[in-house]
Every structure is written in structure tokens, then in C-alpha cells.
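Heads up, there are several structures right after this.
In the two complexes below, chain A is the common chain; its partner is chain B in one and chain C in the other.
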Partner chain A sequence: MSGQELLFLLSGLKWTLALSAVGFVTGAVFGLLIALLRTSPNAITAKIAEYYIAVFQGTPLLMQLFVVYFGLPLLGLKLDAWIAVAIGFTLHASAYLGEIWRGAIQAVPRGQTEAANALALSYWPRMKDIILPQALRISLPATVGFLVQLIKGTSLAALVGFIELSLAGKFIANQTFRPLIVYSVVGLLYFIICWPLSLYGTRLERKFAATSR
Partner chain B sequence: MGYAFDFSPVWEGMPSLLKGCLGTFALAISGMILATVIGIGGVILRHSHFPPVRWLVMTFVELIRNTPFLVQCYFIFFALPLLGEQLGVAIFNLGLMDKPGNLLKLGPTATAIIALGVNGGAYAIEIIRGGVQSINKGQVEAGLALGLHRTQVFRLIVLKPALRAIYPSLTSQFTLLTLTTSVASAIAAYELTSVAEIINGNSFRTFEVYFTVTIMYLIISSLMAVGFNALSRRYFSYPVK
Partner chain C sequence: MTVTLEVAQSSSPTSASVPMIVMEHVEKWYGQFKALSDIDLTVRTGEKIVLCGPSGSGKSTLIRCINHLEAYNKGRITVGGKVLGDDPKIIDAIRREVGMVFQQFNLFPHMTVLQNCTLSPMRTRGLDKKAAEAIARRLLDRVRILDQADKYPAQLSGGQQQRVAIARALCMEPKVMLFDEPTSALDPEMVKEVLDTMISLAEDGMTMICVTHEMGFARQVADRVIFMAAGEIIEEGHPKDFFTAPRHERTRAFLGEILRHH
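Here is the complex of A and B:
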């Protein structure tokens, strides 16, 4: 593999990282909204959020990407390919993060909510200053785990024709007829990004398990 | 706006889509069986007294869990045959075969099953390991002290509680594995998504086809959830009497 080909892979890697970052950050914003709706006392919004999560957790990521990617133009939206793909990952991430954070919010001891109520705090201060900071801590290992899942998931953007690391690898492999070395390098690049995150997630999990004992 | 939806190609293609569902089931079930075998075997090897075997299992788990399934599929489908070719020549030169063959050249479906099994297996190793660790050694000793037979101790005190402990994570991993079969369409394995791609190629009703298929996947995963729950109520609920 020549230097130029390696450079092409790295430019693919750049898009993998960009998609992961955009998907995670915007997904986190909407995910927080989903988690709050899911735990809200209003039965209707809680039900809607529940179905939203169930649909995204019950269908393949690939289908979600296809439906969003080919569906958005039908709504009259002319978007860049990468924005359409990023919207797909945002919706996917918001459902998964919403479910993770729903669990974390409900794992905060009830006494905390009751104490906040006793102090006459209303919903927003209670959530912002009391519940969410504790929930964030609880959810951290699972959130990091999902980030790894999302980075690996961006490889599916290759199947709608978006050139990120996997598709760049496929091009180079077809061009050089050396799939063994090319796919090894591609796998290694994913591994270099994901492994430290996985280790970090496991370490957090151990730390929290030790402190909660 | 102004797009006229036309689901008729989807209805006409429904018989082949339903057949594609069977392909998805076949892939998923074969993948689950292989994943379980790899998972149990991996946990046994993971507790080996020979450290390199333990390291090998740990490396396998980390490598598989930190690379995308799609890249694993590509690797098995496109890269391994090249290794197999050289291996075949080497075996031929040793005089063990009458002509150079390729043992690692796999069809799309075989590739998909192996990729699903290997991928699911790496997760299964971690899940099953957690279940085995959840059994307190004192429980086994208590069982033996109460005069239970060794097989009874294994069945009632080790296996059942361990299965009960890992059941939720293992079944959700299996559901995920079933949804992941859609990625096997990238190497043209026969399943629901690749059938959808053929119908899409003939009709260009892209959105309608994939929207319908998405709903079919939702039905499949819901049915699996119902089935897994029923199994768990049947076998893992604590006796009330």
C-alpha cells in the first residue's frame, strides 16, 4: 500500500470521526430530551418517547439510515449526503442515549427527588442541579459503551455510498487487489480509536461498582 | 413535496420479501448457535491454566468488539480467500492434496454465518463469563453439604441461576444479532435486506421498499422479545409455592 493510498484511508477516517462526533453530540442533545420525556409525569409524552425508543432499538441501524437517507429528499429537503447520514445517526443515537439516560435518571434514589420537593424546588432546578448530575455519573460507563457502538456503526454509512473509512478501504482494496493488508489496516484504525474508549468504559464500570458497594 | 407514494411494487414483491425473512431467520439462528458455542468454548478457554490461551481469548474478544461488523464481513469475504489460496498451495506442495484448493473461500451465506457467530461469540464470552462469576462458591458447597448429587448441584445451583443472571443480556444480544443480519446484504447473503435491494433495483421505489422492510424488522424483533419473555417466565421465574 502506497503512501497516497494510506492518505486516502486517513481522509476516510476523518469522515468516520466527524460522523461519530456529530452523531454523538447532536444525539446527546435529543437523547436528553427523549430521556426527560420518557421519565416525565405526563403519561402521553412518556408513551411517545417509549415508542420512539422501541422503534429505533427494534430495527436495524442500516434500515434507519436507508429510510432517513432516501426519505428526507421526499420531504422536499435537498441535503448534502453527509448531513443526511448525520441526521440518521443523530436519530439513532438519541433513541439509544435516551434509553440509557432514562435508566440512569430512574436509578437516582427516590429520596433525592423527595428531598428536592421538600425544599420546594421546581422541575428544572431539581433536574438540572440534583437529578441529572447524579444520573450522568451513573450512566457514564454505558454512555461510553454506546459511543464505541456508534463509531463502529458509522461504517454502515458506506452502504449508502458515503465515503468514510470502510468504503475508502473497499475502494483501495479493489484498486490494489490487496484486501488482506487493506482490511487489516482499516480494522486496526477502528481498533485504535475504539479500544481506549472501551478500556475507559470498563474502568469506569469497575470504579462505580467498587464505590457503590 | 408532491411525491406520489406507490407501494404496489412492494406488495407484488411481498412473497419474495417473506422468503427473505426466512433467510434472515436462518442466518440469525445459525449465528446464535455458533455464537453460543464460541461463547461457552471461549469462557472455558478463558479460565485455562495456560496463560497464552487466556491471552488469546482476551485478544480475540477485544479485537472483535472494537471493530465494525461490516469490516469483519469484508475481511472474511475478500481477504481470507487470499490467505486460503496460499495455504492451499502450501498443502498441495506437502503432497496432502491432489490439486491446490482454497479452504477459506466461502460463499456469502457461509461468510455471513461465520461473521455473525464470531461477532456474537465475542460478546457472548463476556456475558457468560459474568454469569459464571455471579455464582458464589459457597452455594455449591452448601448444595453438596445438603446431600445433593454433583449433577443436581450443577443443574440447580450453578447452571440455572447463571442462565437466569445472563438471560436478559444474552437475549438482547441475540436480538441485536438478528438485526445485524441486515448488514450481510453488503456481501449479498440471502436475507431480507438483499431481497429488498433487488426489488428496489427493479422498481426504484426506494423509500417505500425500505420503509416496509423496516416495519418487517420491527415485527421480527418484537416477536423475538415476546418469545424470549415467555421462555423466561416459563423457565426462570422463581417458584411461588
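Here is the complex of A and C:
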């Protein structure tokens, strides 16, 4: 494999990371909204959020990408591949993060909400200052775990023609006729990104278990 | 409509003759289970009341209805002249005037002692940080824990945490303090420091309702001791009469049980 080919793989890696980052950040924003709706005392909004989560957790990510990329143009909405996959991953991540954080919000002891209520704190300060900071801490290991899944999941974007790391790998493999070496390098690149994150997640989990007693 | 009218009529109930809390025929149900049954209770300004009774008798539920941690189903509760209903504005107004201390302290673990004390005054009473910290430091000093102001709750002993919880409630400058078994989760050697804090609060004239089995505390500060069982008020009286000559068989049985362990 030449230096130029490796460079091409690295530019694919750049798009993998960019898509992961966009999916995670926008997914986190909407995911927080979903988690808040899901835990809200309003039965209707809680139900809507529940269905939203059910739909995106109950269907393959690939189908979701196909619907956005091939389906939306039929409704007159022509999107380029980058925007389409960004929307797809945002929807996907918001549902999963919404569910992870829903669980974390509900795992904050009820006494915290009661103390906040007794102090006359209304919904927003109660959430922002008391519940969410504790929920975030509880959810951190699962959130990092999901980020690892998301990074690996971006390889599905290749199927709608978005050139990220795995599609770049396919191009180089076809060009060089050395799939074993090329895909090994591609795998190694994913591993170098994901493994430290997984380790970090495990460490957080241990730290949390040690301090939550 | 009736709610607004009654609030308007009695907006300045501060003199000692005016009742601070009035509960009239209050009922509370958990599904089919009747947790409070026809509760009538009037608490005068400055009065100290001790609520006792076996577990499940409804004493915690009763005080939790006063600041609407539990909604009641029937009857009427008036706090400081305001009728407690479903209106969130009234609920918040009442909660600003009613402090509560919990069995499990319920301090915010991710905040320092000082931050625990300043959060709500800043958010709900519009105080700036400087003013809120000044009040917090004064009250932390009062519960003799000012030197721990920058620590986190987990770094403190149970007794210290409960004193912080008392200070945190006092920072709202409440007119009433509710105590829900404040010493039940404490190691025996820490009970006294919390009770001493409560006694000093009582001596300063705070209106207090305490759910507790600390009968020494009841003897020393209570104006009235109320005994509950199965969601009803069975008996009430001045501690002297209550402890020496309880009228009801259930009260006698309960006191026998409690005092044997002390």
C-alpha cells in the first residue's frame, strides 16, 4: 500500500470522525429533548417520545438511512449524501441517547426531586441544576459505549455512497487487489479510535461504582 | 375562584393568634388504601408539634401534604392563609415559606455545602450570589458547621449532613419547618447534635412540626404531642399529660413500646 493510498484512507477516516461527531452532537441535543419529553409529567408528550424511541430502536439503522436518502427525494426534498446521512445519524443517535438518558434521569434518587420541590424549585432549575448533572454522571459509561457503537455504525453510510473510512477502504482494496492488508489497516484504524473510548467507558463505570456507595 | 378570594382576604396572617396551618377533614388515598382519614389539625404560629405513631400510621404523609409533596384528595389545607390546591403558583408560594428536613437528608451530592444552601434562594427568591452566600454563611454558622462550607456532602458525617439540610431549609427564611424523622437514619452518637440544633430553633420561636420518636425532645420542646394510627389522629395533648396519662389503649401500647427502647 502506497503512502498516497494510506492518505486516502485517512481522508476517509476524517469523514468517519466528522459524521460521528455531527451525529453525536446533534443527536445529543435532540436526545436530551427526547429524554426530557419521555420523563415529563405530561402523558401525551411522554407517549410521543416513547413511540419515537420505539421506532428508531426497532428498525435497522440502514433502513433509516435509506428512507432519508432515497425516500425524502420522492417527497421533493433532494439532499446530498452528507446531509442525508447526517440527518439519519442524528435521528438514530437522538433515539438511543434519549433512552439512555431517560433511564439515567429516572435513576437519580427520588429524594433529590423531593428536596428540590420542598425548596420551591420549579421544573427548569430542578432539571438543570439538580437532576441532569447527576443523571449525566450516571449515564456516562453507557453514553461512551453508545458513541463507540455510533462510530462503527457510520460504516453503513457507505451504502448510500458516502465516502467514509470503510468505503475508502473498499476503493483501495479494489485498486490494489490486496483486500486482506487494506481491510486490516481499515480495521486497525477503527480499533485505534474505538478501543481507548471503550477503556475510558469501563474506567468511568468502575469509578462510578466505587463512589456511588 | 374561591381560592383567589380567600388568599386575598387573608394575605397578612402574621400575628400569633392566626393559625399558620389549618387542616380540615383532610383525606388521602393511595389507590384503595386510605392513608389519611378525616384529619383536623390547627397549628398556631410559633407552635411546636411532635407527631408520633407506628410506621404506616400516616404521620409522614400528613406533613408531606402540607408542602404538597403528596396531593390530598379531600378536605382543605390552608398554610399561612393560602389555600393549598392544584395551582402551581400557590404551591410554590407555600413551599417558599415551608422548610422541610428529610430522614435521608437529601442533600445535593454534586454541590458543596454552600452551594446546597444558596441554590434555591438564588433561583426562587431572586437573591444575588453575594446575598445568598451571606445568608447561607450565617445559617451554617448557626448550625455550627460553617467550617465545612466548601466540602461536599459525602465528606461529612450523617449528623453534619442533617445539620446542613436544616441550614439549607432555613436559608429560604421559612415560617414553618417540617421534620420527617430527622434523626432516624443517624448513628446514635450523632442524634444529639441534630436534636440540639432543632431545640435551639424551637427556642427561637420557629413554628415546627416534627415526626419523630425522640420522646425526650418531645418532652422538652413540644407544645402538643399528637399520636396517629392507621391514618387517624388518635390522641393529642400537652407532653406532660400525653406521657404520664395517655387516654387511649393504643397510645399506651405505643408509648410502652417506644419508651422500653430508650
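Annotations for the structure displayed:
One rule holds in what follows: the second predicted complex is superposed on the first by the 212 of 213 C-alpha atoms of A that agree within 3 Å, B and C clash if a C-alpha of one lies under 4 Å from a C-alpha of the other, contacts with A are read in each partner's own complex, and residues count from 1 in each chain.
We take it that a residue touches a chain if its C-beta (ideal position, glycine included) is under 8 Å from a C-beta of that chain, and two chains touch if they have at least 3 such contacts.
It should be emphasised that the depicted structure is a prediction, and the values quoted were computed from it without experimental measurement.
After superposition on chain A, the partners chain B and chain C are accommodated together without colliding. In the superposed model, A:A173 lies in contact with chain B only, and not with chain C. Once the two complexes are overlaid on the shared chain, A:N117 sits against chain C while remaining clear of chain B. Partner contacting the larger number of chain A residues, of chain B and chain C: B. In the superposition on chain A, contact of A:F191 is made with chain B only, not with chain C. One geometric descriptor of the composite model is the angle centred on chain A: between the Cα centres of chain B and chain C it reads 110 degrees, in steps of 10.
By the document's definition of touching, of the two partners only chain C reaches A:D129; chain B does not. Superposition on chain A leaves chain B and chain C with their closest Cα atoms 23 Å from each other.
Overlap of the chain B and chain C interfaces on chain A comprises no residues. Residues of chain A touching chain C in their complex: 109, 111-112, 114-115, 117-122, 125, 129-130, 133-134, 137, 211. By the touch criterion stated above, chain C contacts chain A in their complex at residues 67-69, 88, 92, 95-96, 98-100, 102, 104, 106-110, 119-120, 123-124, 154, 168-169, 172. Looking at the complex, you find that chain A touches chain B at residues 55, 57-64, 66-67, 70-71, 74-76, 148, 152-153, 155-156, 158-159, 166, 169-170, 173, 179-180, 182-184, 186-187, 190-191, 194-195, 198.
Interface residues of chain B, counted against chain A in their complex, comprise 1, 3, 62-63, 65-72, 74-75, 78-79, 82-83, 175, 179-183, 185-186, 193, 206-207, 210-211, 213-214, 217-218, 221-222, 225.
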